[in-house]
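We just call them A, B, C and D in the order they show up, numbering each chain from 1.
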């Protein structure tokens, strides 16, 4: 950590601050300039509170040198983490392909899609039972009934199920039934939910918030890991920018940044990023080419009559064709599907 | 609502869509162009699902003409809403001044600040008991004990208390003790929490999310109101942009937009917006000048030793001086403090 | 075009506006709702001025249905445009690979790099002679001397040269010497420069501005094309967002959007987007996978001693290896390098 | 400046880098940590090139401690700069009120508005002769003829004229006729134009780019000042964000930031920021309350028939009323109009 003091800082204050920092077990190396004094600080700076330091009026800036997350940090855990869910893994050499409808609508629908995506080579089934909707007047998902149908689809295909929960209560009630528990973009900083997710053992698929920095995403992962659950998969799903042609702007550089900063697996959601079905295939290929550990894709038999997100869903036959291309690109990168 | 069809749309599809829309009780007026057909739709378009329409591949665009919120909409409720909390109001001619520390730290601290801000003319006491922090390793607030201290401060001064709750459980356990319940920026789209807030009668102070549009903020208010609680106060607290000098970019135009679109009161939080104590006074003046219904300001006796947000807190003596300026600006706008 | 009138609009005003629009050769189809009147307008709406319509206080919204660009619009020009530069093309089945240093530093440097990238399979040489720098105290490029060295490198290798000009004067003085003239992100809306570029015949490589929408980029292309020069290549080079880990956020969805909206070729600049050399290879692969018509990559023999942008340049040997991967991915998409 | 080295840095490399930095006249103070070495650097760090340092692969981060601008920097010039234009000043105790139409349309129009805004108390007349328009098909201004009409309006009222030039040629041809030369947002990093503006003595009104950081705005001012022209007025005119209700998001915190970082005057343009006439008055009041040195406001006798920007122009009678409010708010801040 580096603390820059402004010209208001007296020798006394500098000395006092130095001592305070040393009491935290850090060692402090000052640089005296004409207009500023710079304190270089090494040691266990994790205990230092940036905000507390900034609140001193003779402190101009606090520059972080080390990342504020530990358990999620690659520095202290150089090997890639591989997460198990049912018979599948996420983060290893094999890419995780998660596919299915935005929301569960009926037994016929979800079992049918599950069979089709399995036949095409998907490793996981996605499907929403509890749906976060920006309008209180929109379809809110089939709730518990939807979850029961997902279980039937799992039984029929063997595919582990990935589904979102939106509250601590839902997590407590249903975590045993779900193979990979999704925490959505809007809940990325729902800290009570993150803490609860830290208390269970099931893999958590944590989506990046609409305007979350990469560091904030990793700090949210840290919340879960600090509670004891280290099975966290991160998901880039587009960020909010000034561009309105696409629903969000898919940030594929984030995949590279996260893989450098952290050992956790990262997957990409091209469906929610673009919000446009005809972009999904090309963006999926780009995601595999850039080095993501998998993709999560919305597939629906009849997008025009889907209960939600039809405009970003592709049909099973397109998904099947897409799998061929993904396999070929993965092969170039020495990975498998 | 306006639906733009692309050149793929067959006469048959257009006719079928027209009928479907009319079945929803809407009337449909088509405009036939060379490359596109435009459908103008009036009537109860609130029941139409934008996403569902977009999922049809012959639909190019769906343009909303009417706002998707009803209860929060000024069109159907032209008068300003005035909300009561204890003996105070928010949204009337008198500005609501909410002041206090980021977090409750001790009885002496919170009662002391409450007395100082009351003497300066504040109408409400703020103070955090449950703190949303981006790091799991940061101080998380005094929790229930902090709430008890807030109640003591209320007893000592008569000031209604404004404090954040972060989960459905906290809301259920504590809503009776709090005068104005804050839902923070990070929970603006925590829909389960919004639904729960709709089930109580206490005023809700709903903060705009870091990257929430004005429409999304109003839709979140609609969630609460649709549940039955119409006592919603909105709060502009800065949005996330590319500029990093300030923590967030305070969007004062949003106050004007919200007051045109909605009848709900809007206040401004200059402390969290800028994240810099020396900007708070000037931004507060601008907020009053622009026409906000109040401000929420962080005040601390000893910012350099505050447990959180010291860098954005001002001292009681500055707050007292600021009140004089705010009073004078309010007077120009024919409002009172 | 759709014009939404608010409740202030009188029957007289609506009639007058209708007539005015018809005088422009448009036909107007009104939809009368309870709170609003909607005018659907078809015909030659290109002559209508959105701002002029919005200035009427009884006009609530003006919704564009058709794109405001014509010459750049795929609707009126369904075939992909293929642009010739020297013996090379951009926009056809073969991908355009443009490589070279940020700036020309010496004859040895530029000729050396030109030979290396040519050997690896690049089709064009890039190199800056006139450099836009955010600080007046930074190296501003070798200017005219740099251009002479680029010509020597072209002579030595046969590679067409791609270089930026920053002003009308530079364009007039040097356009005959350059094969592809780059207009940089900061000049994307330097309208005088765009107009001047419309007066020549050389291909223009137009980079997207840091916060330019896709529509604005296409409107800037339209400026050049309206002047008579239809040889425009567009370049996605990252946009400015709240994320600061990368210099900009590469928006690969923009490639897909542009290719749907326009017939012009689109290439990707991963070097300027990320600003980090270790991301360049993976982002280049993603660009090819998503369907870009080429990439422009910074290559330098000794990045640590480059006069600019060393942190985003890769070494020739890495570039050579990258070409193998790009070739393989292009092959999957039935394209060649 | 602080340079953070990663674990790849060898003792030899550190020593070599240290020497190199010392050769630039800097002194280097190292801090040795377990995972990183931190170099604190003081002295004339202005000569050091951030990009050059970052290009070394053993350099992890370069953290700036000092601002990269000198002439614009308040540290070296603590007093506010007051700029003279005709008989008026910008930056002193008296606020600069600049008013007039978006573009000059006729002699009657511009002289008429000039007389009205002068009567209301404005100190400067604005009016566009050369118009930057995003569409090549939109009205481009009356060009030189418009400039002649502005001169007539100046003659008739004595008001100094503020108008935009868009190219080096226009600057050379017309700078003697203009009292305050505006460089628009889209040209904020047109470096050739900035350099040319540095060669004259007339005041330059430099507008913040749509996505320019405060530091970049100050660096563009530095370009002009480095050339010898220190008469620079900065203008906050809204930045591009995800919010689309307003054309741009007015960033009033930027006024406070700029006044702390620089001695140059800062004014606010509420018309272009919001793009909505009914927000202009309230935002102007907020600008004065926050401490801006003036405002620039679009005024038109007949906004519904204005040739451009009618939707953001207010009528003379509203402007006159607004001046009363601004005067009262200025008075509270001990300033005059």
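What we mean here is this: contacts are C-beta pairs under 8 Å (C-beta built on N, C-alpha and C of every residue); 3 or more make two chains touch, one makes a residue touch a chain.
These figures come from a predicted structure and were not determined experimentally.
**Student:** Assuming a repeat means more than half of the contact pairs shared by residue number, which candidate in A-B, A-C or B-C repeats C-D?
**Tutor:** From the options A-B, A-C or B-C, the copy of C-D is A-B.
**Student:** So, comparing C-alpha centroids, which chain is the farthest one from chain B?
**Tutor:** The most remote chain is C.
**Student:** Where the centres are mean C-alpha positions, what is the separation of chain B from chain D, in Å?
**Tutor:** Here the centre of chain D sits 31 Å away from the centre of chain B.
**Student:** Taking the mean of the C-alpha atoms as each chain's centre, how many Å separate chain A from chain B?
**Tutor:** 27
**Student:** Per the centroid of Cα atoms for each chain, what is the distance between chain A and chain D, given in Å?
**Tutor:** Centre-to-centre distance between chain A and chain D: 39 Å.
**Student:** For chain D, what residues touch not just one other chain but two or more?
**Tutor:** Residues 211, 240-242, 244 of chain D touch two or more partner chains.
**Student:** In their shared complex, at which residues does chain C touch chain B?
**Tutor:** Per the stated touch rule, the residues are 2, 4, 29-36, 38, 40-43, 61, 63, 65-66, 75, 211, 240-242, 244.
**Student:** Along chain C, where are the residues that touch chain D in the complex?
**Tutor:** Residues 46-47, 49, 51-52, 54-57, 68, 132-139, 166-170, 186-187, 189-195, 210-211, 216, 219-220, 222-223, 226-227, 240, 303-311, 313 of chain C touch chain D in their complex.
**Student:** Given the complex with chain A, which residues does chain C contribute to the contact?
**Tutor:** Against chain A, the touching part of chain C is residues 211, 213-215, 239, 241-246, 249-254, 256-257, 260, 273-274, 278-279, 282-283, 285-291, 325, 328-329, 332.
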